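By written order: A, B, C and D. Residues from 1 in each chain.
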Amino acid sequence: MQVLYFAWVRERIGLAKEQVETNATTAGELIAELSNKDPRYAAAFEDLSALRVALDQELAEMDSPLENVREIAIFPPMTGG
Amino acid sequence: MQVLYFAWVRERIGLAKEQVETNATTAGELIAELSNKDPRYAAAFEDLSALRVALDQELAEMDSPLENVREIAIFPPMTGG
Amino acid sequence: MRIRVQEDPFNYGEIADGFGAGQLETGAVVTFTGIVRDLDTSDMTAMEIEHYPGMTQKALEAMAQDAKTRWSLQDVLIIHRYGRLAPGERIMMVATAARHRNEAFEAASFLMDYLKSRAPFWKKEIRGSNDGTWVAAKTEDEDALQRW
Amino acid sequence: MRIRVQEDPFNYGEIADGFGAGQLETGAVVTFTGIVRDLDTSDMTAMEIEHYPGMTQKALEAMAQDAKTRWSLQDVLIIHRYGRLAPGERIMMVATAARHRNEAFEAASFLMDYLKSRAPFWKKEIRGSNDGTWVAAKTEDEDALQRW
């Protein structure tokens, strides 16, 4: 699965995107999996309430299923406008 | 007192302004006085709820006192914007 | 603060573009423009706008001042035309500049509600060769003032 | 409907002026512009706006479509910039055209509320030579969505 990071999530992890092999069934599970892999992820994902996700470029919830999803993006709350 | 008329009030009376000698103490009294004077005024002032007044170029009520007022304007509800 | 009552057309784009320029505290600008339209019968040839010359400028200034008291605004602009306008022409514009979007939106909306029912303008629709029909004030416009 | 996500500046006055032109049913046009400002410390040298290229255009189109479903609009426009902007530069604009002023005001206000919290943009304030500070999302912006 293609995983994208934006804003300070991107900066803390030190990557804009990566290809990840995972069996996670939800966005939340994937985040937990990555947090266990490396302290940089753990630091970026420390406060789940400060994270938002998009699945295949549509806003989604932490418990939205990853089935058939090709691209997941993880980022802070948006500040457009 | 200078009396001004606008929009269909002006058209029904057939005058944009006139000088009126009056002892009326309120706008409402002046309107009643003018209505008695001539059927054109009576027609213009038929429905009091459809009239608005300004005293010395400030919006006022029908029972606002005319004391020291030099100019009164009588017109339909405004339709600006 | 800039308030203009005029017969001539105004250059909306240029005025909107210049409004709020150089004010470093302004984060939000809202503009509203009213356009002569013909909804009902599509045979309107013109709109005639009458106003009360001695009162109009003062009334608009008082409204703008009122808006500045209610909201923290960096700037306010009102332009309103009178005379004969063709369908598609711009009748008036309002612009507000504030730090935050809510202030700019609310102040512009407030000014429009007051302009509709408290500024001394009267509109007449001209159709073909007849004398024209005065636009009736709407109850909903009067009611809109209740929220302020 | 016109939605643009771009790095380059846009000509607000010209775009506002052309918007809604020639639509005879349009009686009301509202525009909103957001401007880079420095409220707190006045030493901000730039604002950097990051976005999610694959998603942004689609997200803005969906918002505009949503607005057209909720209100009767003749036209909607959204322009949003990304990249490095200087204080005083225009970040974005929204424009709505409707028959009546309430529809135009509400739709523009709705679009702004959604752009603030649901469009994939992230702002960073650059001060002097440091790395910059990400602008934090405001609870009040999230709360603003409740009214729609």
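In this text, a contact is a pair of C-beta atoms (placed from the backbone, for glycine too) under 8 Å apart; a residue touches a chain by one contact, two chains touch by 3 or more.
Keep in mind the model is a prediction, meaning the values are calculated, not measured.
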Centroid comparison with subunit C (C-alpha atoms), farthest chain: A
Rounded Å distance, subunit A centre to subunit C centre (Cα mean): 48
Inter-chain centre distance, subunit A versus subunit B - centres from mean C-alpha coordinates, in Å: 70
Computed distance of Cα centres, subunit C from subunit B, in Å: 26
Residues of subunit B whose C-beta touches two or more other chains: 81
Interface hub residues of subunit D, defined as touching at least two other chains: 34, 101, 112, 116
Chains grouped in pairs wherever the two touch, ordered by label: A-D, B-C, C-D
Interface residues, subunit C side, partner subunit B - complex: 34, 50, 52, 54-55, 58-59, 80, 91-92, 112, 115-124, 134-137, 142
Footprint of subunit C on subunit D - complex, ascending: 11-14, 16-18, 20-22, 24-39, 42, 87-88, 99, 101-102, 104-105, 108-109, 112, 116, 144
Subunit B to subunit C touching residues, read off their complex: 4, 6-8, 10, 54, 57-59, 71, 73, 75-81
